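Have a look at these structures, which come just after this line.
Two complexes are shown next, each including chain A; its partner changes from chain B in the first to chain C in the second.
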Partner chain A sequence: MDKRKIEESIFKILMRVATLSIVISLAVILISIIYKAIPVMNWGMISQTPQGGFYLGENGGVLNAILGSLYLATGATILALMLSFPIVFYINIYAKKGSWFVHTVRLCFDILWGIPSIVYGAFGFSIMILLGMRTSLFAGIIVIALVILPIIVRALDEVVRMIPQGLLDASYSLGATKTQTSVKIVTRQALPGLITAILIAFGRGIGDAAAVLFTTGYTDNVPTSLFDSAATLPLAIFFQLGSPVEAVQNRAFASALILTIIILSISILARYFSGKYNKFKV
Partner chain B sequence: MYQNNHINVRNLNVHFDNNHVLKNINVEIPDKKITAIIGSSGCGKTTFLKCMNRLIDSVDGVKITGELLVDGENIFDPKTDVTLIRKKMGLLSQRPYPLPMSIYDNVAYGPRIHGEKSRKKLDHIVEYYLKEASLWEEVKDRLKTPAARLSIGQQQRLCLARGLAVEPEIILGDEPTSALDPQSSQNIEQKFLELKDKYTIIMVTHILRQAKRIADYLIFIHLGEIIEHGPAKEILENPKEKKTKEYISGIIS
Partner chain C sequence: MLLNKIIREKINSKLMLTFTILSCLLVVLIFFGLYYKSSPLFTNNSIKDLLFSSEWFPLKGKFGLLPFISSTIWVTLISVIIAIPFSLLTAIYLTEYADKRFVRMINPLIDILAGLPSVIFGIWGVIMIVPFIKNHIAPALGISSGGYCLLAGGIVLAVMILPVIIHVVSEVFRAIPQDLKNASLSLGATQWQTIKYVVIRKSMPGIIAAIVLGLSRAFGETLAVLMVVGNVVKMPHSVFDPAYPLPALIANNYGEMLSIPLYDSALMFSALILFVIVLIFNVISRIILVRIERSLGIG
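The block that comes next holds the complex of A and B.
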C-alpha cells in the first residue's frame, strides 16, 4: 500500500481514539456516579435538609446545599454579567482600538483567569477578616463573581471582537449613538456567544468548592438572607466523602449526581436558547 | 452654477498617521443628482465618502483639517452633533450589513432610535420604505423573519430601505453594487435613478461603465487629489487632464 495512505489511516485512527476518549470518559464518570448514587437516592435527598443523625446515615437530604449552590451561582453570574457588559463594551466599542490600555486590560483578564479559585477564596477571606464579616452568601457571591468574571469577559470579548466593523458602521450611519449600537446591535449579535459564556461561568461557579470554603461557610440550614452562611453542593460532597460512615459516603455520589444534573440541564437549556437566537445573527 | 448645495468641501485634508490620504479637496456636490467618485483603488475615494458622515471618526490615527459643509454647517466642528449629521445621510456599504434582527425591525431601527414609538406609524414607515426600495412585494409575508435569510441583493435593498427610513437628504453609496450579482446591481442602479429626484446621491464606484450609465456629475480622484470634476458627460467625452484621459481609457486603473 502507498506510504501516504498508511500515514493517513494511522492519523485517522489516532484522531478517532482521541475523540472517542472524551465521550468514554464522560460516560464512565456518569455511570460510576449513577451506579453509586441510585441505592441512596430518594426524594428526601432533594426535598429535605439534613435531619438529626443525617451524618450518621439517617434521614435527611441536601436541600440546603442545592439551594445554597443555586443562590450562589445565580447571584455570582448576575453580578459578573453586570460588570462584564460595561467592560466588554468599553474595550471594544468606546476605547481606541489597539491602545496599550486595551491590551493591558486583556492581559489582566488572562492572568485573572489563571489564578486558582482557592487564592480568590483566601483573598476574600482576608478582606472579610479585615471588615469583621462572618461567612455569608453575600461574601461567597462576590468571590465567585470574581472567579467567573474573567471567564465571561474573555468569552464575550472574543464574540464581540468578531463583529464586523461594517455592522457597527451600519448602525452608526443611521444616527445611532455608541450606546444604542452597543445595547441594540452588539448585544443581539453576541447573544448566542453570550449564552454560552453564561453557561460556562455558571457551571464553573456552581462547581467551585475552594473559593466558597472560607467565604460562604457551611450550614445545615437553608439561607434566608444574603448575610447567612450557606451550604454548597461541592462542599456537601467533600464533607460526605470524608465521613467514616459508608451510607454517608454513598450520599456524596447522590449529591454529585444532583450537581451534575443541574449543570447538564443548564447546558441543554443554554443550547436551546442559543440556537433560538442564532438565526438572527448576520 | 450650483448655488446653496447641500455639500460643500473646502480645503479638506486627511492624514492617517504619516499618510497624507486626501490632499486639499475642494469641491461642491450638486443637489438632487448622482455624483460618482471614481479613481483607482487606494486613491482615497472611500475615505472621502466616509468623511461625509464622519464614519472616519472610528479610524485610528486619523487627522482631519479643513471644512466639510453640510447645509452650511461644518461637520468637523466639535460642536456638531454627529448623530444628526448621519441622520441626514443614508449609507449603502460595499456589502450589505443587515442588522441582527427581523426585516421589520431593520427598517424600524432608525426611526426607533430617533424616538418613534407608535406601532401604527412604524408599520406605515416600514411598508412605505420597503416599497420605495422595491422590496415590499418580496417580503411582505415574512416581515418577522431574520433579515440575514434574504438573498444578498435583497439585503442591499433592505439596507437602502433602512437608510431611507431615517428620512435623509443624501444617499451615500460605497461601491454599493460590488458584492451583488448583475441583476441585483441593475436593481440598485435603477433605484438610484428613480431616487435622484428626491435625494442627493453620492457614490463611490470603480466601475467606469456604471459611472457612465448613471452619474450626472463626476469627481476623479488620483492619489488623494481631485484631478478633475464636473458634469459626467463633459468629463467622459472631453477630459481636460491627462490623468483623467488615461484613467478613462484604461491606462491607469
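The block that comes next holds the complex of A and C.
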C-alpha cells in the first residue's frame, strides 16, 4: 500500500475516534448525572418548596427554583421577542440591502452574542445599584432578555434573509406597505425559524446562571410579584453542591437531572417544530 | 387615507430604526457602564499594578489581578489546546467523509451538547473529571492533586467549546467551492491530500476565526469553571494547581463586594477586562468570517 493511502487511513481512524469521543462525552455527561440523581430523586423534589431543615438534608424540594426559572425564562423570552422583531424587520425589509449600516448592525449582534453572561450580570448589577433597585425577578428578566436578544435576532435574521425578494415584491405590488408586508407575509414565512429561535432562547434563559446571580437573588419562596427575588434552578444546583451536608449535595444531582430534562425536552421540541413547519415555506 | 398610511409607515420605520440603534449601542453602554463603576479604582492603583501585580489584599486596598488573569489565560489555553484536534477532525469527518445519514444523526447531538447549561457541565466535572484527575491522572504522574485544578477546568471548558468550533469550521469547509476540490482530485491527489493541501489551506483564516470564537467563549465562561477549578488566590505553576479565573472572582464575591471599599470597583474592573478581551476576539474573528463570506460571494 502506498504511503499516502496509509496516511489517509490513519487520519480517517483519528477522525472517527474524535467524532465518537464527542458523542461519548455527551452520553457520559447525561449518564453520570442520571446515575447520581436516580437514587436521590423523589416526587417531593419537584412538588415542594424547601421546608424547615432543607439545608440540613431534611424535607423539601426545589419547586421554588423550577418556577423561578420558568417565570424568568418566559418573561425574558417575551421581552427579547418584542425587541427583536422591529430590529429584524428593519435590517431586512426597511434598510437598504447590503448597506454598511446593515453590516454594522449584524456585527454588533455578533459581538453582543459573544459577551459572557457574567459581564451582562455585572453590568446589570451596576445599573441596579445606580437606580437603587434590589434583586428581583424583574431585574433578572431584563438582564436575561439582553443575554438572549442576540440569539433570537441572529436566528430570526437567518430565516428572514432567506425569504425570496419576489415574495416581498408581490406583496408591495398589491399595495401593501412595508409594515403590512412585515407583519403579514414575513412573520408567516419566518414561523418555523421563529419557534425554534424562541425555544433555543428559552433554553438559554433557563440555563443561565452567571447573569442571574447578581440580579435575581435567591429565595426559598415562590415569587408572587415581579419585584420579589426569585430562585433559579442553576443557582439552586450550585448552592446545593457547595453545601457540606451530603444529603444536600445529593439534591444538587437531582436538581441537575430536572434541569437537564427541561433542556432536553426544549431541544427536542425545537427540532420537531423546525421539521414540521418547514413544509409551509415558499 | 393614503397620506395617513405613508405617515404611519414613516413612523414605524423610524421606531424600528431607534430600536435597532439602541440595542447596538448596548455594546458601548456596557463599556462605559463598567468603566464608570471601576474608575474609582484608578485613583489609588495604576493600571499597571492592577494588571501585573499579584498582591491581592482587598482589605488593604491592594487589587493586583495578575493571579486571576493568569488563571483565566491558563484555563482558556488548556481548553483550546484540547478542543482543537477533536473539533477539527470531527468537522473534517462530518463535512468531507461521513455519509449524510450519519451527519443527520450526529448534528442534533452536537446541538444538544451546545445547549446544555454551564452548571450541568460543572456538575459533570465534579462527578467525573475531578475524581478522575485526583485518583488516576495525578498519581500516574507522581503528583498529588485534589483534583480541583486548572486541568479539570480546561477539560470541562474544552467539551463546552467543541460545538462552537465544530459549527463554525464546518460552515467554512462547506463554503470551499467543489471545483477547487475536483481540480485537486483530478490531478491524482487522494481525498486526504485534497483536504490537507486545498481545503485546510484555503480555509485557514476561517479555522483561526473559529478557534478565536471558541477561545472567547471559554474566556468568559463562569459557573462550569468556578465549580471545578478550586478557587485559590495564587499564581498557578502547573496544570494540577488550583486556580481562580476572573469570572469566578466576580461570581464568588458579589456578596461581599459592597462591604469593602473599592472591592466593587475591582470586580467591575475584572468584568471590564473580560468584556474588552472578548470584544477584541469577537471583532477579529467576525471580520475574518465576513471577508470569507464575501470573497465566496455569499451573504
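Worth pointing out:
In the analysis below, the second predicted complex is superposed on the first by the 262 of 282 C-alpha atoms of A that agree within 3 Å, B and C clash if a C-alpha of one lies under 4 Å from a C-alpha of the other, contacts with A are read in each partner's own complex, and residues count from 1 in each chain.
Keep this in mind: a residue touches a chain if its C-beta (ideal position, glycine included) is under 8 Å from a C-beta of that chain, and two chains touch if they have at least 3 such contacts.
Source: prediction; values computed, not measured.
In this overlay on chain A, chain B fits alongside chain C without clashing. Of the two partner chains, neither chain B nor chain C is touched by A:Phe138.
Once the two complexes are overlaid on the shared chain, A:Gln165 sits against chain B while remaining clear of chain C. In the superposed model, A:Leu264 makes contact with chain C only, not with chain B. In the superposition on chain A, A:Tyr218 makes contact with neither chain B nor chain C.
Contact with chain B, but none with chain C, is seen for A:Ile185 once the two complexes are overlaid on the shared chain. Within the superposed three-chain model, A:Thr177 lies in touch with chain B and with chain C [touch as defined at top]. Geometry note, superposition on chain A: angle between chain B and chain C about the Cα centre of chain A is 100 degrees, to the nearest 10.
More residues of chain A lie in touch with C than with the remaining chain of the pair chain B and chain C.
Of the two partner chains, neither chain B nor chain C is touched by A:Phe202. Here's the short version: in the overlay, chain B gets within 6 Å of chain C at its closest Cα pair. In the superposition on chain A, the residues of chain A contacting both chain B and chain C are 177. Contact residues of chain A toward chain B in the complex are 96-98, 164-177, 180, 184-185, 188-189, 279-282.
The residues of chain C lying in touch with chain A in their complex are 5, 8-9, 12-13, 15-17, 19-20, 23-24, 26-27, 30, 33-34, 36-37, 85-87, 89-90, 92-94, 97-98, 106, 108-113, 115-124, 126-128, 159, 162, 166, 190-193, 213, 216-217, 219-223, 227, 247, 250-251, 254, 267-268, 271, 274-275, 278-279, 281-283, 286-287, 290. Listed in rising order, the residues of chain B touching chain A in the complex are 53, 55, 58, 60, 83-84, 86-87, 89-91, 93-95, 97-102, 109-110, 113-114, 146-149, 159, 162-163, 166, 172. Across the complex, chain C is touched by residues 4-5, 7-8, 11-12, 14-19, 21-23, 25-26, 28-29, 32-33, 36, 83, 86-87, 89-91, 94, 103-105, 107-112, 114-123, 125-127, 146, 149, 153, 177-179, 200, 203-204, 206-210, 213-214, 234, 237-238, 241, 252-253, 256, 259-260, 263-264, 266-267, 271 of chain A.
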